[in-house]
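Okay, got some structures for you below.
Each of the next two complexes has chain A plus one more chain, namely chain B in the first and chain C in the second.
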Partner chain A sequence: MSLTTAHSVVAPSGASKRIAGAIIIAYALISIVPLLWIFATSFKTPPDSIAYPPKILFQPSLEGYCNLFTTRTRQTPEYINSLGPATSFCDETTRKRNMVIAGPSNFVPRFVNSLIIAFGSTFCAVFLGTLSAYGFSRFKVPLADDLLFFILSTRMMPPIAVAIPIYLMYRELGLSDTALGMILLYTAVNVSLAVWLLKGFIDEIPREYEEAAMIDGYTRLQAFWRTVLPQATTGIAATAIFCLIFAWNEYAFAALLTSGTAQTAPPFIPTIIGEGGQDWPAVAAGTTIFLVPILVFTILLRKQLLRGITFGAVRK
Partner chain B sequence: MLNRTAENVARATPEPLARKVRGISDKGLAWLFISPTILLLLAINIFPLFWAIYLSFTNYRANRPNEVVKNLGFANYQRILGDQDIWIAMQTTAHFVFWTILLQTLIGFTLAWLIDRKFRSHAFWTTLILVPMMLSPAVVGNFWRFLYEPQIGLFAYAISFVSGIPPTNIQMLSNVSLAPWSIIIVDTWMWTPYVMLICLAGLRSIPEYIYEAAEVDRASNWRQFWSITLPMALPFIMLAVLFRGIENFKMFDMVNLLTGGGPGSTTEVASITLKRQAFESWRTGYSSAFAIILFVAVFGLANIYVKALNKVKQR
Partner chain C sequence: MAEIRVQHLRKAFGDFVAVQDSNFVVEDGEFFVMLGPSGCGKTTTLRMIAGLELPTGGEILLGGEDVTMRRARERDIAFVFQLFALYPHMNVRKNIGFPLLAQGMPSAEIRTRVEETAKLLRIDHLLNKSVSGLAGGDRQRVALGRAIVRRPKCFLMDEPLGTLDTEFRDLMVHELRELHNRIHATTVYVTHDQMEAMSMADKIAVMNHGVIEQFGTPREIYDRPATMFVADFIGSPPMNFLRFGGGLAKGAREIVVQGAKVAVPEVREDIAPGDMALGIRPEHIRFDDASKLRGAIYGTEYLGTTQIVAVETADGIIKARVPAEIRLATGDHVGLALSSARLSLFEKGSGRAVRTAIHDVASERRAQHG
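On to the complex of A and B.
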């Protein structure tokens, strides 16, 4: 037993570990309170959600989810009594508030738009990104460094600055408020991330594999298809998830360039209003549904996270 | 064994026909693989950029497409550089960027340094801390408006619980002096994990033998921190600052949803001004000029910064 090792940074002492652990756990718990509050609010009734003091214990209700998926109109009690028995749970909760369901809300179409645009643009970005990354990784491309920097620099522009000419261009081409227009735009934004990340992943695959395959008579294209792609699967999957998260979360372009048919969920969710302001349980319900896929992805990605958020600059 | 080698050699020797099928040379393939990406970027990024540069010299208004477009020369640029509101917006942006980066770097580095003690179950808690940065700033930022509500909001309630100030007095979003901080708090909450993750990679990249050598030399923990830990993690910290700096310079979504630039124009950062000019006042030419100025500013600052970063790395 020696005193020096007890104080060494190489092997932190028990006490310092415990203090560090306590601070980190405290920070983690405080930082997820807003997320837990979103989740809790989605199961509150509107009166419970705006109670003072804020209610931590409450009777859970699905009213927020009902309100998220429907639009409602206020009716006289006489009219509501004249209706037949309530056909569903949502019908019943709505009638208790002297309202009837007028129809489905826009949440489902907006959510579907988000799915189509996020997955469509991710597929395109990863497809183009994989090809370019392989090109940059394996061949001597003239001005490669300049081209790579050019690809990255497209990411530095403020989205609103890009949106002004895109808005005009899409108006001319008839692409405003279309899923295709949004897919093209998100692909262009994401492809820079995809190229940089995938180049890093492909650089790590030894060239010897392809060379061996080509000695065996494969063409360069076949060697790429049969030896490089299978080895790059992890990298491609991680890149795809990063592109997906960006496209899923994106707000600025969506808010400025879509208004109706192609609107995605992020600009839609803040517009969910009830009587007298935002319908917070419904907003929370929409937010919860919107956030769940990302939570799953974050857990899947935690090993590749660092690489993704730094454009492959930090690999470890 | 010999037989197989012979077979391989036979297969490796291309027949005349196979050579024709192979067709594409490596150079051709490289361009075939790279050009679609370049074309897409030219169409969606570069062409619009040049269009914006052209518009920035005109008085074009997107809501009056049939009006005659006049060439104004550098008038738009002159007006922007002399516009008091633009300078105020730039100051607001600088204030926001400065405080978010300062807070995120301090907290992020401290967290990384603590996590690097490798206490039990640190991996689980690290993943938990990372969650906020993966979420949509717009959707989560929108919900923060609810947390900030003076009376019913959880944030105001928690602050009044701790400080004793009546919750109705905690008007985070409508008080002129608190509104900028309401955005800084959400941004710090969301992006501290980002800085933490990069700093953690920096701390873990420091080889243990350096600390062992320092122990042999009986350097104090304090001394080790200042002359080993911090300098060696510095390139990583600087990288995190670069990424956060660029992102926050362009910040739009969270501000737009939390305060929309208000109250008045106290939280009107550059992107919000740009949006108001371009999509509310429809001064397309003028706002294009402002967009170009912003782009040049980000690009220029980032380039200078990267040079400094490379110097630190080489040391």
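On to the complex of A and C.
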């Protein structure tokens, strides 16, 4: 055994490293299997997707993706035979099931709604959060602690508890089923998280930077823009990911407040199940595509995300 | 460049008074140092001159203009921070040019000015480097560059050498003074390090608990401390104090300390009976067996050219700086002879220095120069 002092960190032994590794692998498998299952199902045919025992090896098919992007109607074989030759892969696959493509599904517009609402609300929450965090960090705000607690408390209520009042309010205001309404709502929920996270990061940036800039002839806003903001990028990126994940995944408010034009992907995907039997491959295809943006965003900003988890405790 | 005049300046944070009725004038082109222990109000005073804090009362005049309540950016001053505050996302060139950018100066002119400044500070080879990779001394030079590039009315520096290694610090003290001699910029420099203050300053203000204890040249402050605090704060080791009682009459030339008669500079005022203190710099003590003032050697610190000898007397330990050659053993009894012309007298209660002949010399000399 190595001798340790108060300041030294004990180097992990080989055995503990192996045990830790095993635990991490086991946990990773448990987490990743459902995702792999969804990914695999999206490439199965509907019969394969409900086969028992489940098929691990199967002939991949894009039928799920065809079904996701289209709406179909059932037709008699005579009618289908009377049509000309199939124009696309999806056309052909659909006809094999005695159906013809009636038109595009709502998935693309719903997905676009999700993008607009999630990124829009993330931008607003981070923008407002950065300014308020800066204010709380640098100025003597009367009752600052109480205000900060109030801001945090807005996040404590479960969405379902406030869903009905918000639903009634939104109906009166004409915000029901609008992208603006959803952006406002998600901004309101996320701004508390943004203020708290960003305050930690901004507290870590010494005041001397703005003071130096202000003495050198800049206004406070210019000093903030040119000296504080560039150094807060890590915190801003981390906060943006957290806000985006929330807004992207949110289901309860979206299910209640959106039904048509502003519906986001999460409440839309389950509705696929109902169309023409339980179409699991189409649901799985929708889920897979839905996961892509958040996955890309997280991978791109993973360093900032890790720093964000330490809540600004570590500075470069 | 301009003169800085501070009148009745006061700053309170709630109940805590950080600066109390400060008055001083920094003349055009002077290197002025505010010296004091941490929490004495020196940095607060500096920040008020800069406009980073607003005073509770009093006035600040820059070149005759009242700037007391003006914004920092409207005062035309430059500030060097203790931690330099170099912008980590900019390279050296951009850091130095940053104040000029605020003035909307054309980029070609910024380029020339930045390069001139860098050459002056001998950092022109670093211009395109990132500031995060720089050594302490070079960071300091970049911070100075950012201050002088603008040619402001005055420079304010808040312990700019505080974070440097001793080696760099000595080098920078020399460089700063040399730079000041070349550009003659009015400078206010805050430090708690008396070595920095003594070696750079034209004038020093010694502060304690928000009050300026003494304002004067390094020589005045060392030779004629106005209060016991100043006497104790300046000098290494600091001034020794020996208690004595009774009052003093105008014209007195002798006092009695521990039963021994000690000649002192002629007293110039009457002092009512009370506790008094005799102040003696360590280098004004000699060992002389004929002296009635006696003590026993307690310990020695050998410094090469001199040695510091701690002597235990009836009134506690006093330290003497004597030539290194003298051989002494712990426990030896010695007599202490004091250089009478250099002694200070204090009232113990208020800590105030008693006016004596040493102050005459000062006023005479001032009269001659004036």
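Everything below uses one rule, namely that the second predicted complex is superposed on the first by the 283 of 316 C-alpha atoms of A that agree within 3 Å, B and C clash if a C-alpha of one lies under 4 Å from a C-alpha of the other, contacts with A are read in each partner's own complex, and residues count from 1 in each chain.
By definition in this document, a contact is a pair of C-beta atoms (placed from the backbone, for glycine too) under 8 Å apart; a residue touches a chain by one contact, two chains touch by 3 or more.
This structure is a prediction, so every number in the text was calculated from the model and none was measured.
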- prompt: When the two structures are overlaid on chain A, which partner does A:Thr227 contact: first (chain B), second (chain C), both, or neither?
  reply: second
- prompt: Of the two partner chains, chain B (first) and chain C (second), which one does A:Ile32 touch, if any: first, second, both, or neither?
  reply: first
- request: Based on the superposed arrangement, let me know which partner A:Tyr209 touches: chain B (first), chain C (second), both, or neither?
  value: second
Field: First, second, both or neither for A:Gly217, with chain B first and chain C second
entry: both
First, second, both or neither for A:Pro109, with chain B first and chain C second: neither
Message: A:Phe290 in the overlay: touching chain B, chain C, both, or neither? Say first, second, both or neither.
response: first
Statement: Larger residue footprint on chain A, choosing between chain B and chain C, goes to B
Message: By the touch definition above, which chain A residues appear in both interfaces, chain B in one complex and chain C in the other?
response: 215-217, 219
Message: With touch defined as at the start, can you tell me which chain A residues reach chain C in the complex?
response: 206, 208-209, 211-219, 222, 226-227, 230-231
Contacting residues of chain C [partner chain A, same complex]: 50-52, 71-73, 75, 77-79, 81-83, 85, 87-89, 98-99, 102-103, 146, 150
- request: Note which residues of chain A are touching chain B in the complex, please.
  value: 4, 7-10, 12, 16-18, 20-21, 23-25, 27-28, 31-35, 37-38, 41, 49-54, 128-129, 131-132, 134-136, 138-141, 147, 150-151, 153-154, 156-169, 171, 184-185, 187-188, 191-192, 195, 215-217, 219-221, 245, 248-252, 255-256, 265-267, 269-270, 278, 280, 283-284, 287, 290-291, 294-295, 297-299, 302, 305-306, 309-310, 313-314, 316
Task: Please name which positions on chain B make contact with chain A in the complex.
output: 8, 11-12, 14, 18, 21-22, 24, 26-27, 29-34, 36-38, 40-41, 43-45, 47-49, 51-52, 55, 62, 111, 114-115, 117-122, 125-140, 142-147, 151-154, 157, 167, 189, 193-194, 197-198, 201, 204-205, 208, 211-212, 215, 221, 224, 229, 236, 239, 243, 246, 249-250, 252-253, 256-257, 270-271, 274-275, 278-279, 284, 287-288, 291-292, 294-295, 298-299, 302
